[in-house]
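First comes the structure, then the notes that go with it.
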Amino acid sequence: MKYVEFDETREFDLILMGRVAVDFNPVDYFKTLAESQTYKKYVGGSPANIAVGLARLGKKAGFIARVSDDRLGEYVVDYFEKEGIDTSCIKKAENGEKIGLTFTEILSRDESSILMYRNMAADLSLSPEDVTEEYIKRGKALLISGTALSSSPSREACLKALQFAKNTNTPVIFDIDYREYSWKNKDEISIYYSIVARDSDIILGSKEEYDFTQRLIKEGLSDEETANLWEKAKIVIIKHGKKGSTAYTKDGKSYSIKPFPVEALKSFGGGDGYASAFLYSLFEGKEIPKALEFGSASASMLVSSHGCSDDMPTVTEIEEFIKIKKQEYGESVTQV
Amino acid sequence: MKYVEFDETREFDLILMGRVAVDFNPVDYFKTLAESQTYKKYVGGSPANIAVGLARLGKKAGFIARVSDDRLGEYVVDYFEKEGIDTSCIKKAENGEKIGLTFTEILSRDESSILMYRNMAADLSLSPEDVTEEYIKRGKALLISGTALSSSPSREACLKALQFAKNTNTPVIFDIDYREYSWKNKDEISIYYSIVARDSDIILGSKEEYDFTQRLIKEGLSDEETANLWEKAKIVIIKHGKKGSTAYTKDGKSYSIKPFPVEALKSFGGGDGYASAFLYSLFEGKEIPKALEFGSASASMLVSSHGCSDDMPTVTEIEEFIKIKKQEYGESVTQV
Amino acid sequence: MKYVEFDETREFDLILMGRVAVDFNPVDYFKTLAESQTYKKYVGGSPANIAVGLARLGKKAGFIARVSDDRLGEYVVDYFEKEGIDTSCIKKAENGEKIGLTFTEILSRDESSILMYRNMAADLSLSPEDVTEEYIKRGKALLISGTALSSSPSREACLKALQFAKNTNTPVIFDIDYREYSWKNKDEISIYYSIVARDSDIILGSKEEYDFTQRLIKEGLSDEETANLWEKAKIVIIKHGKKGSTAYTKDGKSYSIKPFPVEALKSFGGGDGYASAFLYSLFEGKEIPKALEFGSASASMLVSSHGCSDDMPTVTEIEEFIKIKKQEYGESVTQV
Amino acid sequence: MKYVEFDETREFDLILMGRVAVDFNPVDYFKTLAESQTYKKYVGGSPANIAVGLARLGKKAGFIARVSDDRLGEYVVDYFEKEGIDTSCIKKAENGEKIGLTFTEILSRDESSILMYRNMAADLSLSPEDVTEEYIKRGKALLISGTALSSSPSREACLKALQFAKNTNTPVIFDIDYREYSWKNKDEISIYYSIVARDSDIILGSKEEYDFTQRLIKEGLSDEETANLWEKAKIVIIKHGKKGSTAYTKDGKSYSIKPFPVEALKSFGGGDGYASAFLYSLFEGKEIPKALEFGSASASMLVSSHGCSDDMPTVTEIEEFIKIKKQEYGESVTQV
């Protein structure tokens, strides 16, 4: 059954809004950030990773963003263009804002942390004037990444896009993507997350992210109550980290999945692989269980690789990964 | 017919959110502001005026606000308390923000203008932490004044209150009260006005204010289309200045009224008299035409007086005013 | 003996830099600010008062300042022009900065306080670009008012003018005029006050103001040590409030004076009367004791009047005042 | 002849104030910054490099600075401590300021450029409260790096240290180190550079840097006129890039030197090598020509190495370098 209808006449499979960043991951890892001397540079930022993920899977993405007016800004735009992502709505920041940086510290397979450079971050300078109804209606769907709501004027750019999505019957996908930085207080988080959530067709987030979203509405909801709270949403995905995730659908059904077993190198990037492969599957018209399996496979592949964007897999690679893992661990490897 | 149900067990008739200011009106008017030498000080600010108006009409108001931590802040709180308004949710600004000032220039009966002091205005420092669900549910209704949405953190304080009003089934009254200052751009205005409007039970505004609100949704709507756009609203009042105003009700009916003829002294304050007397009438269970007449009378009384808050009329004074005007101009004096 | 040489070929007697403000003094005084209802508007701000004072005494002043781009900004420029002060270097603030306001609370003859509106004050937006060497050298002397050093870019405008005064051999008068607001910490005060003081020819300040100035250099100096510390200064005036003041001159002499006995109405404005009448006397080539007497008389006249700028006396009025006071209290009325 | 007397009883040879940063230099250079994928991390920032340079030469440095409260802040403090630099006056930034980053683009041996991350830079949050007279007087000399004057509160921290240096007879070394970023306008540069320059005993800068400094005083000065302008300075060093540099001494003499011939890898870092080796020589009591030769050698060594701080040479290495170069090019290799 198809839970969300996509207008197949539209040019882009998905339009994404939010941050593009640059990741620096240590080459000489399993050390502290202070000790690691050499770093490899990648395009990063959750929605940027999802866009690259979709592109690798053969889908056409468009991106609305602001990047810095410098060589690193050029770098990410060049990278996107090489991946086939439409960059016509990526503008340069005008007041010296800089593209966000993420330095990764990989202490061990289980412990990794990040150090962010986000003072006057270029992505949060995204302005309502950058968003047009014409562009929004070129996409089969619009993905809003939650961090873009954390500060003005990016916040208003997203809310304007949300209105235009309503005006043009464009399904909205809300990837909650909570990051502590930039938010002024917990009330703001709940206020803006819930404004977007209640107009979204698909919501993706961890249990904690839903709790942040619902804090001013009703606290302590079970997963099922959470899924029911968002009346307009057709699919509500709630993630529980290594325990797996569940998709709740409008018709009252739910589908769960466990991660594929892998030896992780770092503890992030998985969510972006998951989102891109799951959405790819929906665009392809696959059923929810298949979509979850695809998402879960991509997630597992990502946490065991050095980069995020640069290591996003192709369809063939994901299929091959699933095949190998099932051969190794059995067909029911991801069953909850 | 009662369009909005008020929970009669609640302590306050109305809780208002928004700015309290201090007005300085020239005693030696019909001159430029530069030439006027002597000024009289009044409590001002649209929602503050409405609160005083309701208090004069015997209703109990509670006010959520921030005022400056100085003698003028003390002045307005004292004034409110003397009028019987609950000030338990009025806090002092903490970072040197100052209560807004309005200097009035009255050049002639037709021409008046204002000069605002609103840099780091205390009212816009209203914070989400100042808003509690306990306080919101002590009111039969919540009035949000649009200017409080123009800037953070006051904006989020209002959006939090809006959520609490929903949580507690408290009817929301949205007085659009558009003021140019503080807003960063037109998109912001439409975004935040429409977020509040779509959850409001009663909306009051001028034709221009609705146009600002609807700019990102649909432009060029007729008054009737405007009234229909806000599906949740039970009463939508659209004002056309000296031509009068119309109340559109949920059941598809509409009621119009013209202002009472008066010799105006200044061109502002009328709207606050209108709102307070109209809302008073609703709380009293009066029918719409009676409520409009009461509102219109108070508006006319206000524009012909020197102050705003300080000249808010009592029930007897309004009734007397209506009686005299009808004697002078006939029963149909306000018929469109 | 002439301690400071003024170039008599120059067009303006004095060029002043610093704030112009608007004062609101209660007409119904001997009440709290909250209780006083009616206020009279005056041009205010220490250097503005001195400029008006000099103009009333027949001297030509030029003023470098920023005022708000509104009716109150127009008001002060108009007022200056009527007084004959050159306003060609007064510009309008460009980013919404507002002219500072001072509301006076006169509780009794001994107790008065002020409430300032100085958030984003126009005077502190004075910019280095507003200061030209051409203008500075049109003045026989340059007066820098200390509060103008409290914040950038006004601070740099003053330091630039100081350099231009050196370049053009223009004597510098430093009126310390310490006000608590705007300064970030005590170190800043000492740093910037001492930079200006050490290049000044005449310094005026209270004992406390010199202590603020010298805090990072040497604390606990006696008045005589203070006078000696500022090697370049020809005249160092140290004020001790009601106990009188002393002028220390370069040649090691000192001259003291007591205030004239008056019934004060408010506790401020005196210093500006003092400065203007003292400087007037220097420009006239009078000896220090005569100059002090003139300053002291003007000070006493000011504290017993309702306004500051508007009540600045003429030469005849000061002479008359001195004559009457000496008749009443004897020739030695101001002798220490 | 000794131009500057150092108090040999003091604990530190030099106390430095200014920025500590982190440099990321590409390992795969001769490409654009976008194309270079792998970067090596170094401690950077001009005064930090000089401090490390002095430490490598056996001198004891103390550093006054603010670094970020994160792993990169820890990294630079650790690094300093390993080099033997006193870090007791290095504090953590308190409002989320981040240590400055410099990404280097090395396109060819002649063309290199840098991309700075300096929004809310930690070094510029250095506060007057971080500076004590006790610490200043533990140093034989104080070095102020010009960029620390570009913004408050770091600016005032330097001016406070300058006053304390005067109070304690501590010679001041001013390394102009002009960087475009952070300065608001050219007037500010001249104002603050000249305040420090006129109280300095040794000034180091390029011709262009002196022009910036003197812009409001007198433009178009020759090198000799520049040297004479700064009356208090005992040694004024004016650099002309590849053409060499000249030291002007208080007694009217001057000494010039040309760089040693090397194959450069990057176009920066040389100045810091120069300053550290020149100052080392002064502390050692060497004559000016010897000090210049030592400085020039270190400069040449630095521009041909990958890092800055990490490649600072020891005394033996510099002596060896000079010996080899003289063998290769003759004794007069650096004669102008």
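Note that the chains take the letters A, B, C and D in the order they are written out, and that residue 1 is the start of every chain.
Heads up, the rule we're going with is that a residue touches a chain if its C-beta (ideal position, glycine included) is under 8 Å from a C-beta of that chain, and two chains touch if they have at least 3 such contacts.
Worth saying up front: this structure is predicted, and the values here are computed from it rather than measured.
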#### Entry: Minimal step count in the chain contact network, chain A to chain C
2
### Task
Using the touch rule from the top, work out which pair, A-D or A-B, shares more C-beta pairs.
A-D
### Query
Which one of A-B, A-D or B-C makes the same contacts as C-D, at least in over half of the residue pairs?
A-B
### Task
Starting from the mean Cα coordinates of chain B and chain D, work out the distance between those two points in Å.
62
### Query
Using CA atom averages as chain centres, what separation in Å is found between chain A and chain B?
43
### Task
Among the residues of chain D, pick out those that touch two or more other chains and give their numbers.
none
### Query
Graph of touching chains, which shape: line, ring, star, complete, other?
ring
### Summary
Those chain pairs meeting the touch criterion are A-B, A-D, B-C, C-D
### Contacting residues of chain C [partner chain D, same complex]
128-129, 152-153, 156, 159-160, 163-164, 167, 184-185, 187-188, 190-191, 194-195, 216-218
#### Entry: chain D contact footprint on chain A (complex, rising order)
24, 27, 32-34, 36-41, 70-72, 74-75, 78, 96-98, 101, 103, 105, 115, 117, 119-120
